[in-house]
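Below you'll find the structure, written out as structure tokens, and then a few comments.
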Amino acid sequence: MSLNTFGHLFRVTTWGESHGPALGCTVDGCPPGVPVTAEELQHWLDKRKPGQNKYTTQRREADEVEILSGVFEGVTTGTPVQLMIRNTDQRSKDYGDIAEKFRPGHADITYWQKYGIRDYRGGGRSSARETAARVAAGGLARNALARLVPGLSIKGFMVSMGERAADPARYDMAEIDRNPFWTPDARAAADWAGYLDDLRKSGNSVGAVIEVVATGAPAGLGAPVYGKLDTDLAAAMMSINAVKGVEIGDGFAAARLTGEQNADEIAMSQGGPVYSSNHAGGILGGISTGQDIVVRFAVKPTSSILKPRKTITKSGEETEIITKGRHDPCVGIRAVPVGEAMMACVLLDHILLHRGQVGEGLPGKIG
Amino acid sequence: MSLNTFGHLFRVTTWGESHGPALGCTVDGCPPGVPVTAEELQHWLDKRKPGQNKYTTQRREADEVEILSGVFEGVTTGTPVQLMIRNTDQRSKDYGDIAEKFRPGHADITYWQKYGIRDYRGGGRSSARETAARVAAGGLARNALARLVPGLSIKGFMVSMGERAADPARYDMAEIDRNPFWTPDARAAADWAGYLDDLRKSGNSVGAVIEVVATGAPAGLGAPVYGKLDTDLAAAMMSINAVKGVEIGDGFAAARLTGEQNADEIAMSQGGPVYSSNHAGGILGGISTGQDIVVRFAVKPTSSILKPRKTITKSGEETEIITKGRHDPCVGIRAVPVGEAMMACVLLDHILLHRGQVGEGLPGKIG
Amino acid sequence: MSLNTFGHLFRVTTWGESHGPALGCTVDGCPPGVPVTAEELQHWLDKRKPGQNKYTTQRREADEVEILSGVFEGVTTGTPVQLMIRNTDQRSKDYGDIAEKFRPGHADITYWQKYGIRDYRGGGRSSARETAARVAAGGLARNALARLVPGLSIKGFMVSMGERAADPARYDMAEIDRNPFWTPDARAAADWAGYLDDLRKSGNSVGAVIEVVATGAPAGLGAPVYGKLDTDLAAAMMSINAVKGVEIGDGFAAARLTGEQNADEIAMSQGGPVYSSNHAGGILGGISTGQDIVVRFAVKPTSSILKPRKTITKSGEETEIITKGRHDPCVGIRAVPVGEAMMACVLLDHILLHRGQVGEGLPGKIG
Amino acid sequence: MSLNTFGHLFRVTTWGESHGPALGCTVDGCPPGVPVTAEELQHWLDKRKPGQNKYTTQRREADEVEILSGVFEGVTTGTPVQLMIRNTDQRSKDYGDIAEKFRPGHADITYWQKYGIRDYRGGGRSSARETAARVAAGGLARNALARLVPGLSIKGFMVSMGERAADPARYDMAEIDRNPFWTPDARAAADWAGYLDDLRKSGNSVGAVIEVVATGAPAGLGAPVYGKLDTDLAAAMMSINAVKGVEIGDGFAAARLTGEQNADEIAMSQGGPVYSSNHAGGILGGISTGQDIVVRFAVKPTSSILKPRKTITKSGEETEIITKGRHDPCVGIRAVPVGEAMMACVLLDHILLHRGQVGEGLPGKIG
């Protein structure tokens, strides 16, 4: 991973700012022969799109993706795929105050210090709008995965909002797409609706924890020791705006266990090894086991709030700021499809990497 | 980061197995003119060295580092620095059982499946012994940092062992080097001593959480959006053996806050911006703020334990395994200097990267 | 360099096909604060643009470049710069025959074999049209160089067409922009005009040799041993369509010299070392000396000709092919601005790389 | 390719100086399961080894290679392979003069200027001794190729020494290993023997041109547009010490041809496409055709000669230098096995890359 590109063989370079004419990504290394249409990619972009309900920013963006290269007669050609999304709703007047003042907890100040120039309109490059390009790339990755690993599925969902956690005992995966929070716990969804509404009205925001699970991923993915599957997943998730923590499997809870408790015992089935549990989140030594791959990440609350906070201006004067405009009270909601997209990109990348370095399939047979 | 190399400009490639003739690292991109001796590097290796007390593996390794290239007349030349450590205590007979059986929770099975060949002696490449090379590279990075950023200091310490957490209210940084657990909480150290002794005697192991703090790092480090400072720190820490989670600043706790609570308010001092708090862990939008850079990572308990666990053999037969030999009851202890080394490497890398892409200093003045 | 990206820190990823909706490049790593306008980039694109005289393809393309990201208020922000060029003249009917038959000497057959799918319209990704994106990136690199190395100039010119070589004794650099062949030898230009006209009318094509010279580049550029300045220049030039050979300085002629003849003797002037000659082309051990950097590359004749050639179809039948449509009788002409662009990109990249790894200026003083 | 590493998936990082304790390479990405012994690698190193006859430097080096990692029970494990060669004959007193004076035509001056510190003993990192590590890596690549592409062979040979060219009409490939110049033209070998002897006695040196041919390489290798097979070969060869030019197929001669002459016409055989000629050197559009892959490179004469040349000292005084010590009168001779090694590494790398990005075999069938 480097700078604005991620991936080893499936390489995604995103570009564009919140309020520039367009944003997008250049996807290099997509295998040839993958069927893909703009409509299919649009499906995933619509999931991330702002303004869909009162819990996300009211900015109106069609987020229409165009395929500008790399696809011919409906399939990828093995050359770079350019995916572009025009920005249409650019009310830059909303952001006038931010040109001079830095939002506490926001990248405003660090971008300014680092670069000496900053597109302050809507956060410029530091805006979560950049993640639209990731979702487009993730859609392409999904299509490639569908050909390479039939049966693989990737699902993201919210497991807690602020202090309020969903209860795994109530999880129903079919519920995820039925509520605005992408949570499998219907009761939590009901609870969060009122909670977030109050926060939104008071001009505040709140953090969230997202989980992404890949089911049906093959064993053998991951390139120790610095291209481990969990290393790349950690980087992928941490690179998402506002993410402050990443866990694999039991994560921080594993640090509280003994070795006896943490061992996922192994038995043998007709299809190969089976495990008694999945504390490891499907990854051992940086290589996938064939179990569910489980990643969780923590999203901090957005710093664009109506509550006045102390800050300074570019000229160094102390002042206060409140951020008007259209913002997400819980950016974690829209991070769900982004996390799914990153999972898709990382898995595809490692499938290609394994194929390149080792070949098709697994050379180490068991039984 | 890719495969066995990490870093963008300060690139460290580690090589070697637990029971091969040697292990080490090739460091490419160290700036020229950095004074360094083998003795200085040895200081850091000694900190990680096994067999120093009853809480770490009793394997006896001198862990003597040799500088084979890239240093002339006591300073680096700008060419690759090869650091080699001979393995001396290779009692491979201890590992006979592991050649056929897979330890639950260990990389044994995934390495076998992925590669079809595996150096089972001591875990081969998946052994935490690989981290000795990281510590050597980290020592070199520290010397380079000392020239480039006088006053920068990096300190790692243990913040919890199993369920037992140290108490920040009791932290005394001078205490860290006085106890075998590298914890700043003397009372926790006393408590953990008995706790771990019991675990060790019962043949069990336990997880831990490590924190690494860099003080005095300049603002402006980090290359959004996929070479963010926190992205690279997350990857660096997650790549360490047994790590299952990484947090920056408040990490998962930030997900429980509101935007009002999480904002680190900004005021102006003579030296530039100052912050009322450091929820962000010194990183905003992937770029350092100049505050302390705070990373925490969770280490799972080692899977090499004397407690019998159900598993299978390479030929697919179900069986039980207990792992004799010399193992760390809490690998988190020796992960402390490793975490420090990774922090040093990442910071140096980003200092070089910033200098290359932007130049010396920060173009964006405040005040 | 890898796949569709070149450069270490100044990284250019090109995308797009000859007859797709658009092509362009994503430039990652351009330093912040570089003034740039679309008009300035257009200047260089116009130089490469087809259809300017009877010696280049009659395809009509405005080759208008749009800056979609990374530039704010007229200067670069340090974030990715997206440069897009819409394709407008896409007469794909001209290419019907090529969908089934392979042009001898063309990438038609290898793209088909490698990928199993191929955008045959105008050569798709293998078309020299891809180089428009390089020229755009080169224009941006020139603006950055103008700030970082005032006085640096880059000039490309044609030194031979087919068997007919220009004569260095007649070189007048002011002449280059006055003839359609970008040659400094006015007499050669006159000679080539008739020669190429005859070739064009007969439906044939011819090769050429291009030289690119950078004057005023600082000493110290180049990262031995695999990021040498000449290594990267060789890769950059060889990656241009139809290029079959690259030389630095005396190149192949140096292989005919003795060590005594080839040594560029060194004397001392007020400004530093001065050399009696420049057999080395300004590069020793992969690092620039401060002299002119001299690169030459050989461009083969285009394979799209009206002369019938024996070939096969996708279904394996033997047949003949003549390539109608609009083609360059000497693609070497339009390779001149492309070679300049690659030189600009490589030099900027190495200036950033040197700054990152070593710092500003040269630590090794002489005198 | 970057800095001291080359390759995309088969990545070779070389390290070490001429007169340090050792040199070697870290090979990351070698597929698992490749049988290899130190003896097999030694075979290739012996071919490059100095002091074998009066035409190469009289430095005595055993050049014994040790495998320190990545190989277990005689086969590669998929983890990094460390290959180390101890330097034994380090008569550094021979080089005293060079510590202060710069050899004209040598990297002495540029290394000094760039880094401000330089291991002047034997040229340090700029010494051709670095290529021993490449030859070791090339030997490993050959073993991997033998498994992946049975029947592939790589052969390098000298085609001219100074002004004196071998005659292709007299080529007998069996002759190559019978003369000290690795030339297939026995008459040229006899001629060069006397010629080089005279040059050697007079303290002079001379350049050479080397050709490397790979027979039996599959079609489909190469990753357009910046990881083209010819791009990577050009970079690989240009990175070898003293190389000033690289050609693919007809190379510069192709620039003198018309399109009609240069087209390699295609017919159909049972085994697939066959070509009437190979002007292209087996590469079209950066992708291999399945024909012989033909690369030539020009090696300048060494600058370490007994003829006095004008130069300056580090303190800027003008002086003369003659280089005593043990030097190759024609470094081109020992560049032959180095060129072969680079070809092996590049081909293996592209076989892995193709497998990763496209899969096994060629999706585009003909006939």
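Here are some notes:
Order as written gives the chain letters A, B, C and D; numbering starts at 1 within each chain.
Operating definition for what follows: a contact is a pair of C-beta atoms (placed from the backbone, for glycine too) under 8 Å apart; a residue touches a chain by one contact, two chains touch by 3 or more.
None of these values were measured; they are calculated from a predicted model.
Note on interfaces A-D and A-B: more C-beta pairs are in contact across A-B.
Of all chains, the one whose CA centroid is most distant from that of chain D is A. Note: centroid distance chain A to chain C, computed from Cα atoms, is 38 Å.
Chain A and chain D have CA centres that are 45 Å apart.
Note on chain placement: the centre of chain A and the centre of chain B lie 26 Å apart, centres being C-alpha means. For chain C, residues that reach two or more other chains under the stated contact definition are 3-5, 14, 29, 32-33, 78-79, 114-118, 125, 224, 358, 363. By the touch criterion stated above, chain B contacts chain C in their complex at residues 9, 29, 31-33, 78-79, 224, 352-353, 355-360, 363. If you check the complex, the residues on chain C that touch chain D are 1-6, 8, 14, 102-107, 109-118, 125-126, 130, 160, 162-163, 199, 204-209, 219-220, 222-228, 230-235, 237-239, 241, 244-252, 254-268, 273, 275-276, 279-281, 283-289, 298-305, 307, 309-312, 314-318, 332, 354, 358, 362-367.
Those residues of chain C lying in contact with chain A across their complex are 3-5, 11, 13-17, 20-24, 26, 28-29, 32-33, 66, 68-70, 72-73, 75-82, 84, 114-119, 124-125.
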